[in-house]
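Two complexes follow with subunit A in common, the first pairing it with subunit B and the second with subunit C.
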Partner chain A sequence: MSPISVTPPSTNKGRGGNERTSSMVKPSHTKSIMTAAFIIVLLWLSAERTDATVTQLVTGAPEMGKLLVEMFPPDWSYVTTIWAPMMETVQMAVLGTTIGAMLAVPIALLASGNVTRSKWLYIPARLLLNLIRTIPDLLFAAIFVAIFGLGAVAGVAALILFSFGLISKLLYESIEAIDPGPLEAMTAVGANKLQWIRFGVIPQVTAQFISYLLYTFEVNVRAAGVLGLVGAGGIGLLLTRVLDQLRYDRACMIILLTLVIVLVIDYISYRIQEKLL
Partner chain B sequence: MKNNPLIRRPWLRIRWWLVAVVIVSLYVWSFTGIEFSGIRENAGTVTVAILQGMISPDWDYVYLADGEDLLRGMIDTLAIALLGTFISAFLCIPFAFWASTNMNRWKWSSGIGKFILSFIRTFPEIVMAIMFIKAVGPGAYAGILALGLHSIGMLGKLYAEAIEKIDRGPAEALLACGANRLQVMWYAVIPQVLPEFMSYTLYRFEINVRSATILGIIGAGGIGTPLIFALDSRNWSRVGIILLGIIITVSVVDMISNYVRRKIV
Partner chain C sequence: MIEFRRVSKLYSNGTVGLQEVDFTIHSGEFVVIVGLSGAGKSTLLRSINRLHEITAGEIIVDGKSMTLARGEELRHMRRGIGMIFQSFNLVKRSSVIRNVLSGRVGYHSTIRTLLGLFPKEDVQLALNALARVNIQEKAYIRADQLSGGQQQRVSIARALAQEAKIILADEPVASLDPLTTRQVMDDLRRINLELGITMVVNLHDIDLARQYATRIIGLRAGEIVFDGPVGEATEERFTHIYGRSLREEAASIGGEAL
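Now for the complex of A and B:
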């Protein structure tokens, strides 16, 4: 699932000007040629390994064209059937995001070096977060289906873990970036650790926390739409069914409705964030 | 006086209550919508079994002489991610220039480009993979094409943002000496955006490795297929070793990619 994000890694470039002077020295040609050669060899080996050829794509294209033709026009009347599962998808995303976010707060505090101070606490916490984030949501869902059985509960559980990993990572990074001023002031007047967190840390990150929450919710709505492919509830269940029945017009309707819901939610969340920040 | 925070305004309080009511009803609606009764009785034992499987994994599965093992599954997964990322890194360039505001004469033109990119982003790769399976048959190739197409959405957006940040100076200087559009592109634009393009591509590669691990669930190649078989046949020690394999591979890829990214930018 790609939705791990559109948050790009921060790059300090592009402000133009002076920072670039150090890189004015041209890197040696041999190095770039070696890198290019290495990448080409990797790509070639990958293509060999996966039997990927362009001819296959060309010969397959008409098949895909046929499928696209069958998708239109979409079966509009199918909306009445898929509305309820679609709402279940949104409900799953709401629950998964909220519970995940609640669990994320303590671990994010634990993982941030300026709150915890002790290496023995924050390094294991970060390690745990990194491990959780290596597993994509659909994989969590497949495992939870084995545990809880088919249905929305497995999907919610998967979304909880996924949101937990995402929000706690984003949150601990913002906690580490907070202004130390208020914290020092509080220490100076003798606040205990809880007061220190409650009045020094939390007010500084609340707005960001809510914006991460909304962002994760958007990601989760998209993700919940496909969790049904492994039997974890939501609209995906119907999607697999209609694809098995070769009813592409219905599949198209499901995809369109999902897109509309996702766009509406993105828009609402965008408006809320605008108000908050 | 109007904005004095010390004066309590009743409508603010009403609005606060309205927001609270909306949020509470959202949760009530969500909780009532989900069936909690369908949980299996043996959920606990299965969880324990999976955890035990992770502690004592099926090490033999790492390498089997007759194929279909963890090592080859992971190599397939990486190959899918690599090729998918490579395809999208090139395909998204025209979209990126289309969507960037400073490369377009008209505002609406870049707006359309941006809309197309966000449309591609909302279309899940797993659904794309299902469609490609119809076109090229089940297997890794369908997965590659799905990742290649889906990644355009995000990479195009990030590339476009990189293009929007460039310094106009060099381009204007080149234009002033009479360079044509292609020369301006090659000597003034590309060198400025290349490091960011590479960094974003690597970042997308990290995401694609994760995505490639699940494509197998619907038959689009990679480690997902043996994983879903192991889950269905309740072979927990095999599930354990596959999960370990995924965790280790993804972590190593992340580490390498982070290191390279830091060197580039």
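Now for the complex of A and C:
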């Protein structure tokens, strides 16, 4: 150490350190016991309120078994009928996710306090995000069926809004957590706001954004499968039909095909994310 | 080149950042600002390119008022001032060359830069900047693959790509080991001598300051307590300035923070 290095003498630090050790007290278990008790009471009350009892679960079990028996063997030949609507479902998910994600980027930037410094902008943006996310996708679909009529267009519109809500929320939380260093550096090089976002913010969240996009796509494929229940296109339309006809072997085939599609998408997105990180 | 006219900075919580600071830095100087942490070194440096706003006085850079500059004028003035940070402030997920090229955005239209289309000359300029700090071969590697010293040299290259006439460095070696400290400081000196770029560097190590500076400015509690050539920055003078009184001051600063 140099004789006149301008660092504060270590004696001061030592004093502060001692004070901290003396205030160290072993935390009691009361808090965790109380938390556990609270959760148990909450579960019990919820079950009581909704009339969900263990007896009901036991008496219902044989019915479940019967249904399963009727599902097997699945009607393999039904694949030819459901392939086209299945592809339509995937296409709906592709469109809904892509458009929703594109709309999500500007609003996520607007909602981030470290990008939009003004409260007058980011608080309304966050309110809008929260509002959209409170509406379930099936309700969106029902509303859009009323607007656009029966068919896939209503389904795509519902998925756009759903994807928009999900991605913008996740993205804005990621943006708020980025390293502020590069942002400061971009201010210092004389970048304007858009350049500042392009070179300071975007490269820091691209990988997360793609990961959210793929996740939303997976969720959307499943969601698109049930949108047909309210007439918004896709495989759900057929699912309601076969259930009404009590053709559980066909329902089983639909479920199996959905499973395969979801697994394939899952695998592809896993490989993409591996490359990204 | 850089002129401070009775510059003061009072933080909203009442803390004094700078107190009536008055000095002029001439073109080509290698100025090192020394002082305790909390003495106002960082505030002083960041007020030059307006990362921090001052509350009184005026700062003139290259004959133009930095303090009064707005919008595009301010951005153009910032473009001519490179900055190097203690924590490098690179985008870790981007390649080295992307980071260096980001120093060029102030020279091009928004549309062009948003698309990431830099002219060939810019890429050559960025590669030359990397060559000057001896890491040209790392150009297409992701920044987080580099060691701390290498990352700091990338940030120096970014400032060079800016074609800055002034480089501000805020504790550029505080997170580096002694060997890389020497390399980075040597790079800064070489750039200062070969390209004539004015250097303003914050350091807390007076020994290091004496080795590299042509002029030393000492700060204490936001005021200039020493300003002179290295020859005058003798041990006796600094012991006098930062010796006894320094300990009392450190204790009182600590008390305020609690």
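Here is the rule we go by: the second predicted complex is superposed on the first by the 213 of 277 C-alpha atoms of A that agree within 3 Å, B and C clash if a C-alpha of one lies under 4 Å from a C-alpha of the other, contacts with A are read in each partner's own complex, and residues count from 1 in each chain.
Just so it is clear, contacts are C-beta pairs under 8 Å (C-beta built on N, C-alpha and C of every residue); 3 or more make two chains touch, one makes a residue touch a chain.
Predicted model, so just to flag it, every value in this text is computed and none were measured.
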| item | value |
| --- | --- |
| Partner contacting more residues of subunit A (subunit B vs subunit C) | B |
| Partner chain in contact with A:Gly190 - subunit B first, subunit C second, else both or neither | second |
| Which superposed partner A:Pro203 touches (first subunit B, second subunit C, both, neither) | second |
| Touching partner for A:Pro182 - first (subunit B), second (subunit C), both, neither | second |
| Contacts of A:Leu259 with subunit B and subunit C, given as first, second, both or neither | first |
| Contacts of A:Ser32 with subunit B and subunit C, given as first, second, both or neither | neither |
| Contacts of A:Gln245 with subunit B and subunit C, given as first, second, both or neither | neither |
| First (subunit B), second (subunit C), both or neither touched by A:Gly149 | first |
| Subunit A residues contacted in one complex by subunit B, in the other by subunit C | 2, 4-6, 8-9, 12, 16 |
| Sites on subunit A touched by subunit C in the complex | 2-9, 12, 16, 179, 181-182, 184-192, 194-195, 198-200, 203-204, 206-207 |
| Subunit A contact footprint on subunit C (complex, rising order) | 34-37, 49, 51, 72, 74-83, 85, 87-94, 98, 102-103, 105-106, 110, 113-114, 116, 155, 158, 162, 204-207, 235, 238-239, 242-243, 246-247, 250-251, 254 |
| Interfacial residue positions of subunit B with respect to subunit A in the complex | 26-27, 29-31, 33-36, 38-40, 43, 46-47, 50, 75-76, 78-80, 82-83, 86, 119, 121-127, 130-132, 134-137, 139-141, 144-145, 150-151, 154, 157-158, 161-162, 165-167, 169, 192, 195-196, 199-200, 203, 207-208, 210-211, 213-214, 217-218, 221, 224, 227-228, 231, 234, 239, 243, 246-247, 250-251, 254, 261, 265 |
| Subunit A - residues contacting subunit B, complex | 1-2, 4-6, 8-9, 11-17, 42-43, 45-47, 49-53, 56-57, 60-61, 63-64, 67, 87-88, 90-92, 94-95, 98, 130-131, 134-136, 138-139, 142-143, 145-153, 156, 222, 225-226, 229-230, 233, 239, 243, 255, 258-259, 262-263 |
